[in-house]
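Two complexes are shown next, each including chain A; its partner changes from chain B in the first to chain C in the second.
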Partner chain A sequence: MKTTRKRPIGFYIAGSWLSLIVFFSIFGKLLPLPTWDASDYEALGLKPFSSGHLLGTTMDGYDMFSGLVNGSRISVFVSVISVGLGGAIGAIIGISSAYYRGRYDKFVVLLFNVMLSIPNLVLSLALISTFASDTQDANASTLRRVVVLIVSLTIVIIPLVGRIARASTMQWTSREFVIASKSMGTENRMIIRRHILPNVAPAMLAIAFLAIGSVIIVEGSLALLGIGIPGGASWGSMLAAGRLNLEFSAHEVYLPALAIAFTVISTNWFGDYVRNSLDKREAKI
Partner chain B sequence: MSSILRLENLSVSFQTPRGSLAAVRDVSFELNEGESLGVVGESGSGKTVLSRATMGLLPGTATRTGKVSFLDKDISAMPRNEVRDLWGTGMAMIFQDPMTALNPVRRIGDQLMESLRVRLSMPKKEAKAKAIELLKRVRIPDPEGILRKYPYQLSGGMRQRIMIAIAVSCEPKMLFADEPTTALDVTVQAQVLELLSELRREFNMAMILVTHDLGVVAGHTDKIAVMYAGDVVEFAPTRQLFKNMKMPYTEALLKSIPRLETPTGTRLPVIEGRMPDPTKDEPGCPFASRCAYVTDKCRAEKPPLIDNNDGHFYRCWFPIGGEK
Partner chain C sequence: MLQTIVRRLFGMTVVVILATFLLSLLMWMLPGDAAQLMVPNSVAEVRDAIRMETGLDRGIFGYYWKWLSGMLTGDFGAYYLNGGTRPVTDVLREAVPASLQLIIYTQIVALLLSIPLGLVSAYKENSRFDKIVSSTLFTLVSFPGFALGLVLSLIFAVRLGLVDPVGYEPFSGNLGTHLKLMILPVVSLSVGLTASYTRLLRNDVIATLKEDYVTMAASKGISDRRVLWRHVFRPSSTTLLTSAALNMGGLIGGTIIIETIFAIPGLGFEIAYSIGARQVVAMQTLIAIIAFAYVFFNSMVDIFMNIVDPRTRERRV
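What follows is the complex of A and B.
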């Protein structure tokens, strides 16, 4: 007896946008588009909807559309990896601390609070300028930048997801079915895997969607500060490069900004949707 | 008959912000193999804590003292993982509320097969066959179909039967039933109790049946322990207790069961007043303030557990039937 609930229109809009971004990030390289990092000297600063360049070009002749497609790859890669990694570590720490309690739990709470008190932008700034900044002799490689960026974002995500996982686990651990399973002699690890995790997962999924949104924003902000992924490879760095030409070709700025905005709104919306359907499910139990 | 469970001076207290709360005080009794004991008392009298403390399933805020022996082994001194080996296969528990004691996001089959696969390391096929057999035994129609269902798709009575099937799946020697019928309606109550008695005979299980309803234990237990404010106030074989009760509290409990004969319109008899504050240790009988036969001695001094020399124990200075 499955009841199909009518989904709100926003679900489809957000869903299509996100699938489009994911599609571009995976298959972008296979599409018949101009190369994103090669300049077309015959088409400098074209407005959007010009022939040959769907979304125009920059003042330096780079194709905007291929730039955005390529940027989606970087953005999706960075946000999915850091949220996935941070979420997994946060979930393990959060669930285990709420389940076993005691001194370990107190330590974890303290650790999360300390981590949350560090502004994420400042943390990323510090890490990147320490470990992946350009020196006089050589520029830091893109790979190094990306890795340090991901690590710093992961550190930010851990307490975010961990706190939610901990709170949710506490609520489920005192449920009777957990005690019931325990009373049958099931081991703690098995109880966590079979009884706690499936119940905690939706809450973590909801927060993970919100986290993806904020990671994209942070990446954009860092690029604007000049320490993002170099060479205009991500949406943020396109924006950073384009802002110099704002008065001549505004679309260099607003197109990547729109891409960031749509993506963040969509992930936030998705996170809300997951949380809402979770609340409805809770009410039924 | 050999002893399966022996409690010696079992006490449980909880650390609360208002001080130490004595939930169970100095309880001792013995239960033989295959026997069933009813633990009766009002809400907050410590009956649930007693059964959980016996198994070792207390939360971290509780302290347990005294000795619990299961099959002549002192399990109160055992390390936790050894006690856990006894859970499920040695002793198992049925919980009060079948609505919350099943995991809402997992199928009945997975939950029923969990302990079979984990505790008895059965292969999946065998576990499934056994699960179907168990469901048939607790009289659930269409067992194959039920295995694929989620808890919310079943009625309260069916869920309680599934809880029972899970509890007996590893054929424990001892079953704790913590108010198994409280959440069910009266017609289903009788069926579930009958089922429990039947399974008990079949597997030769001992059982502790916790309930607040004297009527429930009457037909399904060999012995009864009446609890009040953490104390066992009367302990006797079931027949003996109903024929010759000594405690005014037991009598008051029995009187407060509604009867068909009472004319409509009469108010139901209640036990006036409330239980004493469990965080305070006041002198005198804890029941003194509510007892119909109270004397000055009751208010001054707490009665000990008196042995009547026929398996009947009571905690009263002036038992019913004795000279006043």
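What follows is the complex of A and C.
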């Protein structure tokens, strides 16, 4: 039986955009570009497609293209690490609580409900302001802020992913093959690894793509609120800086905004694609 | 039935208490001293007075108890500034209506747009119209609200000069100005919402259209338009309405950034301000209000659905 399914165009568009971003984030430093954090005093506020500055410069003479390339590094780094960490922890908690049930499960559900009762952005705001209160001064290194951002976002992601993992595990633990395996005396750990995890994993992957998108949005929002990463080092912070010059050089705002939007659309698209192919597989069983 | 309602209300109370305690704990864990953070350049006596007043000198439980009993008796804490204090209730008086107006307008706009779009695209499933609407909406649902807000304010406020880029006019003031200033923020917030509502309604309507009673109604000779409204829309609208109600809470969080961009003095804007100004007590109160509203809406929806549609009773895991 032939299994090659025709993939929709969106798959290729979203895929190439995301590959481009990942390429920039890894090899961006090797590209022959003007440095992103040094101003070119002879080229202030250039419009896009000027000579020497592909996407123009900011009012302060920073090159937009290298800024975006550099920003992709932080955006990808922050979102992948926090979603990876938060997803892993959330999945462990969610799967184990749904599998073992009992008091532990009740406690986990309560904890998730408590954390989910505070909207994402608000929770990240509260966490960051706690962890980062002494990084407010300009001397604090970008690295420290990135670490604070990642820790806070990881905590926010845990209940989001954990709840899905729990719900999904719940469906699978009542399936015949799991019950059969249990009755044969297979160890719980083994059942989770062999039977539950492979079935829950695709759903996790779908939610992970969506989570990456929302983390990028949250990063941008935090920067706009003035507590993200400073100095134009990420897309959000370019946006926040450019906002002040909205009237004079609009591309300072719409270029990072578009970069964020395209990336989020692409990750959402992928998440949706994974979920749909999952539903089709489910329907066949 | 009554038992379910009581259980939901009890669960809601537990969640709210724990969430607010978690927030207190966060404030407590702040490196350094909260009083010092709020009023950095003050004499020791002032800071001691603040500690006494907020209960910061009585440990985490003492502080939480002081804050909670204050909230229950209408004392919502205060902003501690170098020149004196300002009660949070002062701010809430303007912030709550501003945020509520923003949210209600957004819901109205989103529902008004998504109901016809969802119905028609489901009715014409897989037609060109449906495909265009679906793919456009899918793109819009993932378009970040703040990006949209900034682009809209660039085009309509800065370039075309049709409206002021920022500002807020209370409902009780000049109604025309009020509505005009609300247009851009409401549009920025409602685009994503419209997209998700339309998708929900479309899926439900497609499922309902396959029901026997719809075929029956159509075969009786009732016009398609009437069948859609009377026989299809009503049973398909529950998911949409549930989602709309659940979004009331979610939107309060989502408005933070839009309120900041458009300088609307709502809850979100005040939270951002209190974080910037290190007003931890005020910030805790504001976040707690949002958490409470969120949990409250969710529980109300649950209870309401329980009464309206008994089928949902047993579904809960």
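The rule is short, and it goes like this: the second predicted complex is superposed on the first by the 276 of 285 C-alpha atoms of A that agree within 3 Å, B and C clash if a C-alpha of one lies under 4 Å from a C-alpha of the other, contacts with A are read in each partner's own complex, and residues count from 1 in each chain.
By our rule, a residue touches a chain if its C-beta (ideal position, glycine included) is under 8 Å from a C-beta of that chain, and two chains touch if they have at least 3 such contacts.
Predicted model only: the values in this text are computed from it and were never measured.
Overlay on chain A: chain B and chain C fit together in the combined arrangement.
Once the two complexes are overlaid on the shared chain, A:Ala211 sits clear of chain B and of chain C alike. In the superposition on chain A, A:Pro198 contacts chain B only, with no contact to chain C.
In the superposed pair of complexes, A:Met190 makes contact with chain B only, with no contact to chain C. For the combined model, the angle formed at the CA centre of chain A by lines to the CA centres of chain B and chain C equals 90 degrees after rounding to the nearest 10. Contact with chain B, but none with chain C, is seen for A:Ala180 once the two complexes are overlaid on the shared chain. Contact with chain C, but none with chain B, is seen for A:Tyr254 once the two complexes are overlaid on the shared chain.
In the superposed pair of complexes, A:Ile93 makes contact with neither chain B nor chain C.
Of the two partners chain B and chain C, more chain A residues are in touch with C. Shared-chain residue A:Arg101: touches chain B; no touch with chain C. Using the contact criterion defined above for the overlaid structures, shared-chain residue A:Leu246 touches chain C, although it does not reach chain B. This overlay, made by fitting chain A, leaves chain B and chain C with a least C-alpha separation of 11 Å.
Listing the residues of chain C that touch chain A in their complex gives 11, 14-16, 18-19, 22-23, 26-27, 29-32, 37, 138-139, 141-144, 146-147, 150-151, 153-154, 158, 249-250, 252-254, 256-257, 260-261, 271-272, 275-276, 278, 283, 287, 290-291, 294-295, 317. Looking at the complex, you find that chain A touches chain C at residues 110, 113-115, 117-122, 125-127, 129-130, 133-134, 167, 170, 213, 217, 220-221, 224-227, 239, 243, 246-247, 250, 253-254, 257-258, 260-261, 264-265, 267-269, 272. Those residues of chain B that touch chain A in the complex are listed here as 55, 57, 60, 84-89, 92-93, 95-97, 100-106, 110-111, 114-115, 118-119, 152-153, 163, 166-167, 169-170. Those residues of chain A that touch chain B in the shared complex are 1, 101-102, 175-177, 179-187, 190, 194-195, 198-199, 284-285.
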